[in-house]
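The two complexes that follow have chain A in common; it is paired with chain B in the first and with chain C in the second.
Showing the complex of A and B:
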């Protein structure tokens, strides 16, 4: 899989605010690439630069080997699905989907056939063709926007948080549909969101942004289990972070060979209650302060006397843990990630 | 005791005003237009003689000049107002407010004063424009004063704000992201205008165009002050019939024809546009 889209040291500022600071990334052909970050992290600006709706102050953007930094959006083989979808409110579903072909001068009957094909791909009933987009539900509008973007046959589809204003249940359904659609079409998807969950479910690779910089990129598994800094570790779900000082976990006084400074991140599912004689690289006594049932798993708050840690136990093994019970808990260093700050 | 409906009660003053000031006079004029020529009461037997005279005596000419002038004014104002409205909408802020104010302020000055000002500006020889150019560059230029072109210039000058402000409202109804989406889907600047901006701004454009057309159709100060004797419009003709010629029925018939022409333009447009979308703003 070759690189289809890349940026080299792209920067952008708005007045005194640095929106993007020396960002370089490579997006591979056919992958589902997600840029995640809190609001104000620069992810929208980066997407707009990738899509050609904004030009960087410094740095270049390449499509394969061609420099497209100064090529406007309408001359790029890419298409954007906007945050609020930006459907043409005065047009029908069919007219929306056909728009790009109409602009190219494709004759009406051919456009219609193509639009109906696109509607099949996104699973919109044919009867919706003549319906006004304003009379469609949120999920249907989502599909119209997808079909409209696909109809222009772009090499890359950009998504600017299209699911952010949709309720939880429908969002879950659309996340799955989006990933299926990606697989069926084989196109490169570049998606931005502030939701880690969304990014994890759909993406092949994720880049995490903070204050205009990419702090880490990799597969969802990489990023979840091997975060390289505290921001990423904490952004991607619950985590126990231990400060290291002088080759020891400071609060527990346990020596670790991993490193002299920085932090150690341990996901809740790697903390386990130790049976008699069971060994673990790091062990400590703790009292179960409270339990939180999450369906297939349960979260426990463990009180070590100095702080609260979070442990996650699969539903089947939860029976032996009771709130208020004091026991030995521990984890292995091979399950921990060393953070550089 | 039943209290009267408060809705009707609050509407009453306006109803009375419209009835006395609009409906009754229009009906009287309509009735007069059916009276025998040069009579001054409504007792005569109804006849269409005045309408026949109106066409036979060539009164369709001033009506045509009025309609042409109004149509041309509307078109020119729309073409001029579109880029202005777009710029004001895009660069909204202090400068836009200032420009808006500069365009709106003249409305508070009497129309005749402004038109005489324009006439002074265009005056040949010692006029502001010709005089300045002569003094500065020693070049003598002619003038367009007292031509149809001058009258048209006056019409555009006076009615521009009436097109601009409704159009500005219409342009502000066009969602920016729909324009961005259209561009992203490969639309050229012209295609974005035709497919997205124009249809979405249409209610504003239509309201502005109607205001301009109706006002221009009834205008005569522009012709009198800037057009001189170059063109007679229907309002001049009506005024002459009522005042100098003392032929009220013919004047009334011309008035009715003008009202019908206005209605024929206004109602089809009003039926097609969604004025509510503007009112909601």
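Showing the complex of A and C:
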């Protein structure tokens, strides 16, 4: 799996706002790569630069070994699915899907065959061919946008938060379909979202952006369990962060060999109630302040007297924990991640 | 029974519609009737019915000159206002620039000026600049008032236009020219057609601005007004009818052209 698309120290500013600050990344052939970040983190600008709809102020963009920084979008073998889909509203489903081929001068009957193939891939019924896109439902429009992008036979498909305005249930279905589509087409997908969940479900690798910079990239597992800084740890879901000072967890007064400064991040599922004589690297007494049933698991808020921690327990083990009970809790350092800030 | 009541109802409905139309159009019809007389006084029914006024109007030099002046002004106004308004409307739809809202307000400000005041202001302005008023200055005056209107008309038709469609088309491999032809112009077209019609009709029928700014050239409304006030003859309504017919022909031609263009576009895109 070689690198298909990469950026080297790309920067971009809009007036006084720095949208991208020295961004370098490598996207591998055939992977599902997701860029996650809060709004305003520069991820949309980065995607537009990758697609050729925007040019960087500094830095280069390479497609395999070719410098494509100054190649405009219409001459790049890539295609984008926009956040609002940007379907051609005065055209039919078929005309939307055939657009790229029509621009190339492909004869009508060939275009039609190709469009129907694309509709099969995204599971749109053939009867939708002549329908106006404005008469399609939200989910159907998503499929039209996907088919339109696929019809140009791009090497890389970009997605700019296409599921953000869709209701939860349909989004879940489309997430699965998207991952499935990635597998079936074997194309490189570059996806941006502000939703951690979406990123975790679909991606092979994730890059996390904050204020125009990539703060960490890696597999979903890496990023979830081995965050390198507090922003990533907190962005990727519930986490307990302990500040370190002088080789100790400051608030608990427990020495840790991990490091002298920084923070220690522990996911809720690694906090456990300790039985008699059960050992843990870090242990502390806490009262169960409240419980939150989440279906297959339960979240408990633990009051240590100084602050509230979050622990997650699988449904089967929840019976032994009662709200208001004081007990010894703890975690192992091998399950904790050391953060640099 | 139903079968018998239905045609009756239909014909009543048709009669009612006809009545409304007749009431709306009676003033115009009376102008047409006035043109068929040979007296300077409006008496009805006429003692003699004649088309002499039309013969005079068509034979005289005035009719053609008046139409030529008004037509020149109107066409110039249509072309310039549609070009300026299209760019203006696109700028609003595409970009969020500094001063956008302020510009939007200043743009429509001329509409709130009473037209005679605007005409007087422009005449003072032309005189100060040493420009002799003529049909060109009248066209300029019309533009001051009509460009805002046309910009509004085109903007309204562009209101739901998603400019990302242009990015999408470009990303799908279209050239800049293809984006213009396939996405931008189809979105602009209805606005351009209605804007052009508005521009033509507003200029064609404008009196207050022309009175102040046309100098030695006389437009149709100016002539109709002055000859109605003094020196009236049946030639006045005759020329009014001819002028109405000319503008109606322009509107019909535009509508035909539009439906032809639509038909061709439809045939082209469904294939």
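What we mean here is this: the second predicted complex is superposed on the first by the 341 of 341 C-alpha atoms of A that agree within 3 Å, B and C clash if a C-alpha of one lies under 4 Å from a C-alpha of the other, contacts with A are read in each partner's own complex, and residues count from 1 in each chain.
Operating definition for what follows: a residue touches a chain if its C-beta (ideal position, glycine included) is under 8 Å from a C-beta of that chain, and two chains touch if they have at least 3 such contacts.
Quick caveat, the model's predicted, so the values are computed rather than measured.
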Which term applies to chain B and chain C once both are placed on chain A by superposition, clash or fit? clash
In the superposed arrangement, which partner chain does A:173 touch: chain B (first), chain C (second), both, or neither? neither
Touching A:148 in the superposition: chain B (first), chain C (second), both, neither? both
Output check: A:104 vs chain B and chain C. Expected answer is one of first, second, both, neither. What do you get? both
Would you sort A:53 into first (chain B), second (chain C), both or neither based on which partner it touches? both
According to the stated criteria, A:89 is in contact with first (chain B), second (chain C), both, or neither; which is it? both
Chain A contact check, chain B vs chain C, more residues touched by chain C
Clash list for chain B against chain C, restricted to 43-51, 61-69 or 169-177, contains only 169-177
Identify the overlap between the chain B-contacting and the chain C-contacting residues of chain A. 51, 53, 72-74, 78-80, 82, 84, 86-90, 99-100, 103-104, 148, 152
Touching residues on chain B, where the partner in the complex is chain A: 175, 177-178, 180-188, 191, 195-196, 199-200
For the complex, which residues does chain A have touching chain B? 51, 53, 72-74, 78-80, 82-84, 86-90, 99-100, 102-104, 148, 152
In the complex, the residues of chain A that touch chain C are 51-53, 72-75, 78-80, 82, 84, 86-92, 95, 99-100, 103-104, 108, 130, 148-149, 152
Which of the residues in chain C come into contact with chain A in the complex? 160, 162, 164-165, 167-175, 178, 182-183, 186-187, 269-271
